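What follows are several structures.
In the two complexes below, chain A is the common chain; its partner is chain B in one and chain C in the other.
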Partner chain A sequence: MTANGQIKIFTLKIDGKDVSARSDQTVLQVCRENEYFIPTLCHLEGLSNIGACRLCMVEVAGQRKLLPACTTMVSEGMEVTTTNDKLAHYRKMTLELIFSERNHTCSVCVSNNHCELQYLSQKLGINHIRVPYRFPKFAVDASHPYFILDHNRCILCTRCVRVCDEIEGAHVWDVSGRGIQAKVITELNQPWGSADTCTQCGKCVNVCPVGALSEKGRSVAENTKRSGFLPYLTARRKEKI
Partner chain B sequence: MTLEELQEIKAGEELARSQKKKSIHVCVAAGCMSQNAEAVLNTIEGQLKEKGLAKDIDVKGVGCMGLCAAGPLVSIEPENRMFQEINQANAFLVTDNLEKGKKTTNDLASDSPFFKRQYKIVTENCGVINPERIEEYIAFDGYLGLYTVLHDLDQNEVVQNLIKSGLRGRGGGGYPTGLKWSTVAKAVGAKKYVICNADEGDPGAFMDRSVLESDPHRILEGMAIAAYAIGADEGFIYVRAEYPLAISRLKVAIKQAERKGLLGNNIFGTTFNFTISIRLGAGAFVCGEETALIASIEGGRGTPRPRPPYPAESGLWGKPTLINNVETFANIAPIIRKGAEWYASIGTETSKGTKVFALAGQVVNTGLIEVPMGMSLREIIFDIGGGIPGGRKFKAVQTGGPSGGCIPEEFLDIKVDYESLTKLGSIMGSGGMIVMDENSNMVDVARYFMEFCMSESCGKCVPCRVGTAQIYDILTKFAERRATEADLTLLEELCDVVRNTSLCGLGQSSPNPVLSTLKYFKHEYMERIQAEVNQE
Partner chain C sequence: MPAYPVKVQPPTEDKRWGLVMATMKRHGYQSNAMIETLHTVQESFGFLDDDSLRFVSKALNVPLSKVYGVATFYHFFTLKPQGKHTCVICMGTACYVKGAGELMETIAKKYNVHPGETTDDGNLSLVTARCIGACGLAPAGVFDGEVNGKLTAADTLTKLTKWE
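The block that comes next holds the complex of A and B.
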């Protein structure tokens, strides 16, 4: 956007093809509009973008570094490369790193067959993980009456943190610890069931791309997520104003 | 405050100095302080009183004298006779030898290369003035730069001065300071901020701490000049809580400057207002990264966010923000006072001025030094640093902290500037310089820095959070001689991913220690693979 709030229309090149874009759009939005495939995990339409999963890295001509498509705004005459051998390699490696971080075992997971991590790995052709698994020991928090938090399956995309803060306005979730020790917490690292701020709305569960947050009583492969409510909700909220 | 009052304070200080025959300086910066320098100061004062010399001799605590290895340091001025390793028991050596003559066991040659080869701009007042008295800073032309700027220069002229001086950011990146200032000056918005980054976290680096402890007013003046140039009226100093002495001296300095009308409203009788407050870091290394630092000041979790937008456009609370390092701000007042041409005449073609280095590790003269850009590593380590103790052999020097790299002996003659160090796979960084001798194993060195990066990663982006942990695990395998050829390949691959896909500078540069040791000391990695094969 320009300083006086006016939106301009730009033309840019994605993989050599000309496309048009509004100046308030991100590269990712424009790519998706034009049906270019870019993998993402931390991005979710309706939430703020943080550029954390690094799967949406693209090449922009004239830029020394790779840029995350989700947080890069379009500009006039931009030349974006959405995929090549190098990018594909980095994306695969990043997914492998995610798999190695915690204990992702699809066969016993509530999200089996409707997991975004699983889907992306299949789509990008990952058939084995070359980096050693770290097998950390994490507890499961089942203190909430309706939901379960399993840190073993968490990928730290922080969608739950953002949806609770930005959409629900409760800010039950946050991240504690640094680096490989980081984990999502409820309230001040108290059991989820004792969190007074939690409204039990279940938004966090439905935006979770993997099986880290699930509904109680669901067995293997039974927990389908409905993250589609989010664009609908934000669109309706905008209409009111 | 007016110019006349400023000059009056200066004249008053000079008069007071002329009434004393000599003055004894005792270093009370953190290094000497940790060896009980305060007691030394009191002992010397007591002994002078006993001898009835208290009237003629001035005793004061001063900032860092540089040679921290030999502390506590004491000097007798004006002849600059220095003493090393003074404690309460041998403090009489100083007070008994006020007149020239007898050499003592604790004499320190103040004409040794360690002192003579340095060129002091940033640290010109270190070891000279009492950091807790604003009058002494003013006596050395303190706040004159701010006066000149407010009365004789418009905003653009200040920025142009900075551009002409060729000063580059001393925090590590080496971004041209003038360019940064002009960007923020041009940013749209009525509210702007100036931030001083004093979250010095590199292992073995203590340049910023020494400057803050020895000459805090220099930073305040630099920040005020910056604020005028970019149109800000509020400043923050983000200093790590692990520097209690620096924090307390900064607080004293801010209070003194406010009382004298050098901070606050209508500074020097102009319409320029500027206030400074201190924010304490809670010990996260990543908070030295500018966007994480801003998040931390705002009260959030200290994690970086993707740039652009750069802080110059959208920084603290979304307002245009100028962030510079302590050492950068320390250079501002001298540039204004002595002129951009003078500053540009020091240093190399692309890197102007001087650089403060913290010499640490296996080197005789551990301490703080300031040298012109373009001095060779050999001169720094062997002439100024005094070489390797115990006659051992030099192996490598690590520059730039955990994001830097190890430079082997064959490159010791390169001239130190931003470009040359980057070319060697290291970086200038903030100025830490760790010397290693033949007893250091480079795999262990790389593993040490990787452990630092792993535990200091904020955990936001995947490559840095998981990648650094995986690299560390592989290096542990090497350390325990369990590694295979495949591990070496994977190590290189992981370094490449972490470097190219991490979110912030901390992640992107974290593989540097591994990559540079792989480049120059690959045989040490191979030896450990080989060892395993032989065992089988």
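The block that comes next holds the complex of A and C.
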């Protein structure tokens, strides 16, 4: 967007093909519009982008480093590469590291067959993890009357943090600690059920890409989620303001 | 329900809350003064307990989880009281190469304390630092504010036994 708020139309190349894009779009949006496949985990339409999962990395001509497509704005004459051997290698490695950090056991997970992490690893052809697993010990928090939090499945995408802050406005969630000690917490790292600010709306559960947040009473592979409400919720709220 | 900002009273009668209130007032009770306010709490009380985190969160209208996230992100803040004595071991590259890791292991083994923790009797806090700027003296450590260089495991233990 230019300084006076006007939106321009840019022409750029994605995998050698000319496409046009609005100047307020990200590379990821343009790629998705033109049906180029880019894997993502932390991105969700309707939430802000933070570029945390590093799966949407793309190559941009003239840039030495890979750039995350979700936080890179388009520019005139940009030349983007969405798939090549190097990117495939990096994406696989990133996914393997995510798997090694926590205890992701699909066969007993509530989100089996409805899991974005599982889907992406199948799609990117991951059949084994080349780094040692860390096997951290995490307790499951089932203190909430309707929902369950299982840190063992969490990939720290922070979708729950963002949806609670940006859409619901409660900001019950945040990330505590740093590096390998990082984990999502409610209020003062207290049981979720005792968090007074939680409105029990369940948005965090519905946006969770994995089985870290689930509804109570669901067994293995029964945790279906719907996150389609986000884009129109964001759009309608913006219109009212 | 009153609209924010609401004047929030400190959790206890302790005079030190005056310092915290002054910091918040100086910044006009803006939520972006959270880190500055936590600094004052840490410096006046020595650590951040649940009550002080709740107070800061309420007084500055910042979500509780955000305050907790910030307090656990920065090494400067501690959620538990510090020990009577503090031993900082530099884990910067130079010190690490010169054997800071072994120093740390020796202390951890002898006093049964992990980096960032305090012994059960509340006497010793073991802290790591990422380069204290004394690379020429590697491996270096700070014992209650006094910098010591070219440490050996025996040196370190002698220093620590004096505190027992």
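Just so it is clear, the second predicted complex is superposed on the first by the 239 of 241 C-alpha atoms of A that agree within 3 Å, B and C clash if a C-alpha of one lies under 4 Å from a C-alpha of the other, contacts with A are read in each partner's own complex, and residues count from 1 in each chain.
Heads up, the rule we're going with is that a contact is a pair of C-beta atoms (placed from the backbone, for glycine too) under 8 Å apart; a residue touches a chain by one contact, two chains touch by 3 or more.
Treat the numbers as computed from the prediction; the structure is a model and nothing was measured.
> May I ask you to decide whether A:F229 touches chain B, chain C, both, or neither, giving the answer as first, second, both or neither?
It touches nothing on chain B or chain C.
> With both structures placed on chain A, which of the two partners, chain B or chain C, ends up touching more residues of chain A?
Counting residues of chain A touched by each partner, the higher count goes to B.
> In the overlaid three-chain picture, which partner chain does A:T197 touch, first (chain B) or second (chain C), both, or neither?
After superposition on chain A, A:T197 lies in contact with chain C alone.
> After lining up the shared chain so the two structures overlap, which partner does A:T186 touch, if you call chain B first and chain C second: first, second, both or neither?
It touches chain C, and chain B stays clear.
> Looking at the overlay, what does A:P132 touch: chain B (first), chain C (second), both, or neither?
first
> According to the stated criteria, A:W173 is in contact with first (chain B), second (chain C), both, or neither; which is it?
Second partner only.
> Starting from the residues of chain A touching chain B, keep only those that also touch chain C in the other complex, and list them.
Comparing the two interfaces on chain A, one with chain B and one with chain C, the shared residues are 174-175, 177-178.
> For chain A, which residues are in contact with chain B within the complex?
Contact set of chain A toward chain B: 3, 50-54, 57, 65-68, 71-73, 90, 93-94, 97-98, 100-101, 130-132, 134, 155-156, 174-175, 177-182.
> Please output the residues of chain C touching chain A within their complex, sorted ascending.
50, 53-54, 63-66, 68-69, 72-73
> Help me check something: in the complex, which residues belonging to chain A touch chain C?
Touching chain C: residues 165, 170-178, 185-189, 197 of chain A.
> For a test of understanding, state which residues of chain B touch chain A in their complex under the given definition.
Contact set of chain B toward chain A: 188, 284, 286, 301, 305-306, 308, 454-470, 473, 490, 493-494, 497, 500-503, 508.
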